[in-house]
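The first chain written gets the first letter, and so on, giving A, B and C; residue counts start at 1 in each chain.
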Amino acid sequence: MIPKEDILEILDGYDKKDLTIATICSHSSLQIFNGARQEGFKTIGICIGPPPKFYDAFPLAKPDKFVSLDSYKALLDHSDELVEDNAIIIPHGSLVEYLGIDKFESLAVPTFGNRRVLAWESDREMEREWLLKAGVNIPMRFERAEDIDRPVIVKYHGAKGGRGFFIAKNKDEFQAKMSSQAKYAIQEFILGTRYYIHFFYSPIKTQGYKLKKGTLDMLGIDRRVESNADEIFRIGSMNELAEAGIYPSFVVTGNLPLVLRESLLPKVFELGERVVETSIELFGGMIGPFSLETIVTDELEFKVFEISARIVAGTNLFVSGSPYSDLVERNLSNGKRIAQEIKLAMETNKLSEVIS
Amino acid sequence: MIPKEDILEILDGYDKKDLTIATICSHSSLQIFNGARQEGFKTIGICIGPPPKFYDAFPLAKPDKFVSLDSYKALLDHSDELVEDNAIIIPHGSLVEYLGIDKFESLAVPTFGNRRVLAWESDREMEREWLLKAGVNIPMRFERAEDIDRPVIVKYHGAKGGRGFFIAKNKDEFQAKMSSQAKYAIQEFILGTRYYIHFFYSPIKTQGYKLKKGTLDMLGIDRRVESNADEIFRIGSMNELAEAGIYPSFVVTGNLPLVLRESLLPKVFELGERVVETSIELFGGMIGPFSLETIVTDELEFKVFEISARIVAGTNLFVSGSPYSDLVERNLSNGKRIAQEIKLAMETNKLSEVIS
Amino acid sequence: MIPKEDILEILDGYDKKDLTIATICSHSSLQIFNGARQEGFKTIGICIGPPPKFYDAFPLAKPDKFVSLDSYKALLDHSDELVEDNAIIIPHGSLVEYLGIDKFESLAVPTFGNRRVLAWESDREMEREWLLKAGVNIPMRFERAEDIDRPVIVKYHGAKGGRGFFIAKNKDEFQAKMSSQAKYAIQEFILGTRYYIHFFYSPIKTQGYKLKKGTLDMLGIDRRVESNADEIFRIGSMNELAEAGIYPSFVVTGNLPLVLRESLLPKVFELGERVVETSIELFGGMIGPFSLETIVTDELEFKVFEISARIVAGTNLFVSGSPYSDLVERNLSNGKRIAQEIKLAMETNKLSEVIS
């Protein structure tokens, strides 16, 4: 990983009154560019080949400038160009996916947030250690098929975007459905309803929901729309479908908005607080937007099944505010919140605390 | 119940230019506090123990002051403190649930709405009488198992928040699933899609959708998210699940936003109108926010399966307005509408008509 | 169809500074009236019998004037009255449904959009030709039952609003469920998640996402709520239900809001672009709002199963803007966009290009 000192040295050379916010043209870029403009930043869109035409349709979210690459790997060769523009990169899911962790970690451009979170988030074992240390409820894991005593979800190793998962109601069903050649993990399938909660941790803001250091926002909630799992049950139960050779898949195609029972908010903030405080102990903190992917059971308990340590695509629902962020500041999007954080850091001379 | 004269006497002592809006710190309190502030009221949050920290995260919805209690029952001993602050309490689901009907009815603090609605809403027989008298369609009830000739939902007596319900497609399934020891009610299970419609009845407003006296607003629609019923079918049909010892439950964990076909709006207002007009005859009227919980069949008919005679949590989706309330006034929430009603009552010297 | 020259002659007699926007009081009329008012137009609501009372509840969307008819057919006899008011009619689904294509095509009042689209949209064969020519993916069609090799949806001819559809997982199920007397079409049932995408094509706007002529907006996405299909699976799988004599139906009762993965936006605009460009070749263009009804598979591919060539009811979710339209202009509804288009046409002397 590029040493933080190197990043701070680059940052030293920046004209702080002329910062630019840059991101890859995908995932949540419309919102990031829109929010940056709202806070007075210039913007750069990083893309493969010619600038995507669809930005023309969204004048309030079109970046001021595009940096066109031949491939995402080529981004490493264009760091000078970004540095010349005093650019701060906002990482999102597509950036990490396209670039790979190694290349992202070595990118010689100041990046919003703490790059050390990636190792912890992308490795299932480390993520599990993090969640357990935070003391939040997570789904059980079964090491041996014979221990299965409840519904399980089985994830093949290396499966991407939801493909290669399957659900079994019990041990018998697991054994009937399991294909022997693949490596897999068996996890308790929690019965309940999914809520993907959007948080924002600031190490430098002093007003708000206070942690040991800094503050925590909760800016919205979405539910992922999964293809084909969300609609497949229109044609039959999982067993009936399996007999016809049809299987559910869990590829995220979009998101829909939700709110939670207000009486659950204390628990929501406690979850966010625990995960952030533990991240500070483990690796210096998860800074900026993150999401906890939870299931709320009929006992009104939260089970956390994943952390996304960056802005999640579900925030795209709330480019003009959510039922939660509107109570922080009207029309506050995650993209705008990121820009505000960079602005605050700049104004209080604390960029080094939110950049890596 | 505390006599209305006593409440009016307390109100007489209030400094009308310095009213405070108070509610229990749960359910829809963020929206109520936010709306009260928008209309220039001071706010009090009533809580158990120290003030909930999560309000710090929502500066536009944080009450000006907290009244901390040891238990909700202790609220009755703190009425003086609230009265000193010229407080009007906004009841919501949690207030009634925590305090109990008897204690709520005897609370010596002016309360928004008509407390007499509680008896009618909380008793299934009285609610049924109300709906039948209003002439709206309600699900059939089966007194005897042998009469079951369609899908039914069976509700055990005293079951709370959706637990202890089950659904049977027909008589055979009912008999197979029924546990003999419990008391239960058998209700037709209406096939269709659920719409929870948010109304507001004002006895004093003169502009708008007019009733015999006052006006009716429709401010939004939600669908409740039920755990685990909303997602359980991912793992099997109800029968397959039952064989594995897994049963659906219907605990509300949150809400999602919806709109209805516009051609159904005349029916929607007719439903609201009938229920309000009947409430006036029966007990002097259901004042302020209420919700009709409906199912729309594939014949585009509404079946009303419940009335909530207070602000419902589904309105939390719309703290900055809904696709309906935005056509009344931009960004109008239910919380703001309540505050507007109190303000109008104050300015037109009609507080006695909206307070009990 | 009334010749365009006749319409242009009528338009010649209009006082262009005093145009009125008129539509039938149903479907998406609240939004159309609200948008028209926002852009400074007067509005006329066309209704059967006395003005619907529900508009009183929505002061920001109540038309300035009502034209009350005995029947929709009587609209043809009232064209003079509308012309006197310099009215431009905005067609929507209910207008066409109530009036019938022939009567709508002969209506002697200037109408927003290209009336020639109706023939192409309402005839399944012509619509299919249009989509195939546009080169977008559409569901397969099976001419013979013995060719069925995947899940299919079977549509009886003349079935309206979703009634009279059924789904079969394979050939055997098809044959078991088929009733022999009816005419039907067999279409591939695409497994995936439904997205109804709201576009707006302007032949006269010069800024934005450019087509050969004019520009394309994408203003929102909804998912239709279908009764009883969306909730029927709570009581059993399709086969279990069929045994109990219960069948799913697909009647649209409302809509819920969604967003799509941002990485799919280039494909979304490509779909819109292809369908519009082809419409220009085929019949002079589909002008104004339209919707593509798509399914996104777990391979992240779009299948287009229908075009709606007018404003769709799903846009009613977004009377104050959507996560997409807010990036074009804050709080932009489809209704407002229509009014803007008429205003721009008027100001640039191009009404003839958006009216027929």
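One rule holds for everything that comes next: contacts are C-beta pairs under 8 Å (C-beta built on N, C-alpha and C of every residue); 3 or more make two chains touch, one makes a residue touch a chain.
Since the model is a prediction, treat every value here as computed from it, not as a measurement.
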| item | value |
| --- | --- |
| Angle of rotation relating subunit A to subunit C [CA atoms, steps of 5 degrees] | 120 |
| Numbering shared by both copies at the subunit B-subunit A contact, with half separating same from different | different |
| Euclidean distance of C-alpha centroids - subunit A vs subunit B, Å | 35 |
| Per-residue overlap in subunit B, given as positions that touch at least 2 other chains | 233, 237, 240, 256-257 |
| Residues of subunit B that touch subunit C when the two form their complex | 151, 167, 169-170, 189, 191-195, 207-210, 215-218, 221, 223, 229, 233, 237-240, 248, 256-266, 268-269, 296-300, 321, 323-324, 326-330 |
| Contact footprint of subunit B on subunit C as seen in their complex | 26-30, 34, 52-54, 56-61, 94, 162-163, 225-228, 230-237, 240-241, 244, 246, 249, 251-257, 313, 316-320 |
